[in-house]
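Down below is the structure, laid out as structure tokens.
Lettered A, B and C in written order, each chain numbered from 1.
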Amino acid sequence: MRMFNCLALGAGLLATTFAVPAHAEDAKVAAIVKGLDNPFFQTMQKGIEEQAKADGVGVNVQAAANMGDATGQADKLTAMALQDYDCYLVNPISVSNLVQALVPVAQKKKPIVNIDSTIDAEQAKAAGFAVSTYIGTDNVAAGALAGEEMLKLVPKGSKVALVAGIVGDVGSNARIKGFKQAVEGKLDVVVMVSADWDREKALTAATDILAAHPDLAGFFAANDIMALGVERAVQTSGKDVKVIGLDGIVDALKSVAAGELTATVAQYPYVVGAMGVEACKLAAKGKELPANVPAPVLLINKDNAEASLKNFPRPGGDYPDPLREMLK
Amino acid sequence: MSLPADNAPASRQAGVHEESRPSLAALLIDPSFWADWASVVGLVGLVILFGVTSPVFLSVANMQAILLAAAILVVLSIGQTFVVATSGIDLSLAASVMLGAVILGLIHAAGLGIFAACVLAVLATSAIGLMNGLLITAGRIPDFVVTLGTLSGITGLGLILSGGEPTMVGSTFLLKLASGYLGPFGYPVWVAIAAVLVAHVALYHTRFGVHLLATGGQAESASALGIRTNRVKIAAYTISGFCAGIASILLVARIGSAEPQINTSLLLNSVAAVVLGGVSLFGGRASILGPAIGALMLTALVNGLTLLSVSAFYQPLAVGVIVVLAALIMRYQK
Amino acid sequence: MSTVNHIAPSEAILACQGLSKHFGGIRAFTDVGFQARRGEVTAVIGDNGAGKSTLIRCLVGVHVPDGGTIYFDGRQQPFSNPDEARKSGIETVHQNLALIDELTVAQNLFLNREIVRRIGPFALLDRKAMKDQARAMLSRLSINVPSVTQRVRRLSGGQRQAISICRAAGSGAKLVVMDEPTAALGVQETANVEALIRKLREQGVSVILISHNFDQVRRLSDQIWVMRAGKMVATVRSSETTGNELVALVTGAA
């Protein structure tokens, strides 16, 4: 008896305390994101929930247990696919793990909004569906933005060094590629190292690079964590070397505001989530969605760092949002 | 037998009392009854609770979805049960699944055909189990240490083999396996049912099964009675590896690609299902149906909480509470 | 061994000559001669550390002796492990290592000699046959347990010992060796186990009994062997000795 009572009581409590009342809303959105063990996806979830509240949309946000839980994520989506949602907002762990779970969604002709990580278009086609829209940040564009800022900060022909993430990482490659394209022929990239997204490794690498190239003018690191490590190395060396990071995490924003880190390019998982809800609302209204919507990337330097910090995880200022325009 | 057989009938009345079954009422107030049937009671409780609170939960489609989602965990829980029955633990289970998937993906990508890929994946994971068993018995290293080491070792092996990249496995066979139905159940569910049946027969109806429980119960006594306990343990770990291989096929079929990512929740849930199933972590006491139902219960729990829109943050908490509750109830096991 | 009377070899089920065993530098016993007669209960007594248990372990193959010869059933038998001894017909009832708590009475009685039915390439347990035979085995020795499907964990010490003995006798063993079978038992349970040993003897099974309890030994056994400080010092017929004589032999006061 005890077992049953405890179970019934426990689960009943959970159910009554946390269940979202599903009525009196324009549309009901089912959202599934990657593991909530990563702050990036927690922020995304916050964006989804707050935008849904603002738009009067009901939302059920689910997540995988961890970044390896590809089947668990699919199972949860399968469960939600059985329920009567108007739109499905998905951020898959891999390009294929949600494909099967999305088949019944497509059969019900419900819109599928793909955010952040892409679903393989060919597998989706083979399974008989296509996503309504994709919303995500363009890492190449973000890298390019960092490159353009570097061009403004250092004289033409200056030496710069690049600090990449784990070798072969797609995101790191795209960011580095964007930066290189922006500075090609204008700056001299003397070296590129991999510091595995790690602050301490970046610090060590930057120290070595500074010793090898005393006339170095700038660093670009493929994420903020590494940029902060590089910045520490620069500070220790006492030289005036510009350091630009990428991501827009709180620590980096604080560092920029304090005049340490030169700049960072901020991406907004919060906005990606929020725009996903907007897309769902549009789809529920029967509007045609653009196939691809780039999420904003903003350059943060000393001028706008304070404002960004104040609004975190939302952008510091206004940003281009085609979906918002369509909703008006 | 040196004893005269004609003795038997005469002394029969004086001997064994015929088994008298306790009454139902007596069963219901016996805590050890509830301990033995914790997973069934839990599952029935969850079904009633979710059935009342969520209209979709009891739909045929959702029941099918739960069974389909539970198939991988059921197969893994069976493997874990064999190891736990010997009073061991296999921490490398989820990593073996990953390695099996990676090998399956690579061999398929190399063009050797999907059947060869599946067979080699199962062979590889079985070999890992065999190696675990050998290290634990012949190497005399505690199971915890060995399988923790294997966990790390094959994580690395998986990353090296795959280069850290997922491999797409576009096989019509696997697609059919994942999405096809035979009668009311999807193929993966049939695989799990077959695994339960075979394992149940192996545990309860073969000499191996009795020797497994004897080894787990009191290894010294078992070997004093001539049971080769080391062989039994090695077999248990090999079975666990074999189950990981079957699970890796189901996994690749389900997600369409082989990923060098370890799903730690598979490992934790396999142990949780075993505990919910009334299997003693000290060995010697096991069933197959119990952990299978435990796996089903854990899957139903996450499904129901998802349907009720309970935040993902609360779901691991709910699983944890239920596993600890089950473990508490196990204390009443006699 | 001047004090040891020799018996004709055909009468002995188990015998040894000049047996020695050392563990590192520690001498367990040296130059021991011993015989157990067919169909009798033979007791081995001695103080703690006299070497009785080690002697018995050598006789049933748990330890391999350093020197000397062992004869079982008229043949020289150097057992190198308990399995060989068991296959030859010696069953041992160990003090603590007898039963598996989590298994049922029937499972314990048939452990490692399960009855199987062959179905094609598979051998499946014949659980009904084992349960039936278990009931018959227990009945023959008048052993009372609630059910053969009961887990052994739930049984009393006396019931467990009875089942261990039944297991040993039930295998068709020619010789059953018991190491302190009543050491942990209460008065009533001890009486039950003693009755069981008498029953075995009635049914023609040879028994070797190690015990501390001189009264018990005199009640149960036909022949008594006395060990002291690693030597076999005496052997007497149980009917021709007294408790005081045994005490004197064991302590060396005689």
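Going forward, contacts are C-beta pairs under 8 Å (C-beta built on N, C-alpha and C of every residue); 3 or more make two chains touch, one makes a residue touch a chain.
Keep in mind the model is a prediction, meaning the values are calculated, not measured.
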item	value
Overall pattern in which the protein chains touch one another (line/ring/star/complete/other)	line
Chain of greatest Cα-centre distance to subunit A	C
Mean-CA-position distance for subunit B and subunit A (Å)	37
Centroid spacing, where centroids are CA-atom means, of subunit A and subunit C in whole angstrom	75
For subunit B paired with subunit C, centre-to-centre distance based on mean C-alpha positions, whole Å	41
Touching two or more other chains - residues of subunit C	none
Footprint of subunit C on subunit B - complex, ascending	1-4, 7-8, 11-12, 14-20, 201, 204-207, 209-211, 213-214, 216-218, 220-222, 224-227, 280, 284-285, 334
Interface residues, subunit A side, partner subunit B - complex	1-4, 6-8, 10-12, 14-15, 18-20, 22, 36, 60-72, 74-76, 78-80, 82-83, 93-97, 99-100, 103-104, 120, 123, 126, 166, 168
Partner subunit A, residues of subunit B touching it in the complex	28, 31, 34, 38, 41-42, 44-46, 48-50, 53, 56, 59, 61-62, 65, 68-69, 72, 163-166, 168, 170, 178-179, 251, 254-257, 259, 261-266, 299, 301-316, 318, 321-322, 325-326, 329
Of subunit C, residues touching subunit B in the complex	82-83, 86, 94, 96-103, 107, 111-112, 114, 116, 122-125, 127, 135-136, 138-140, 142-149, 151, 153-154, 169-170, 172-174, 203-205
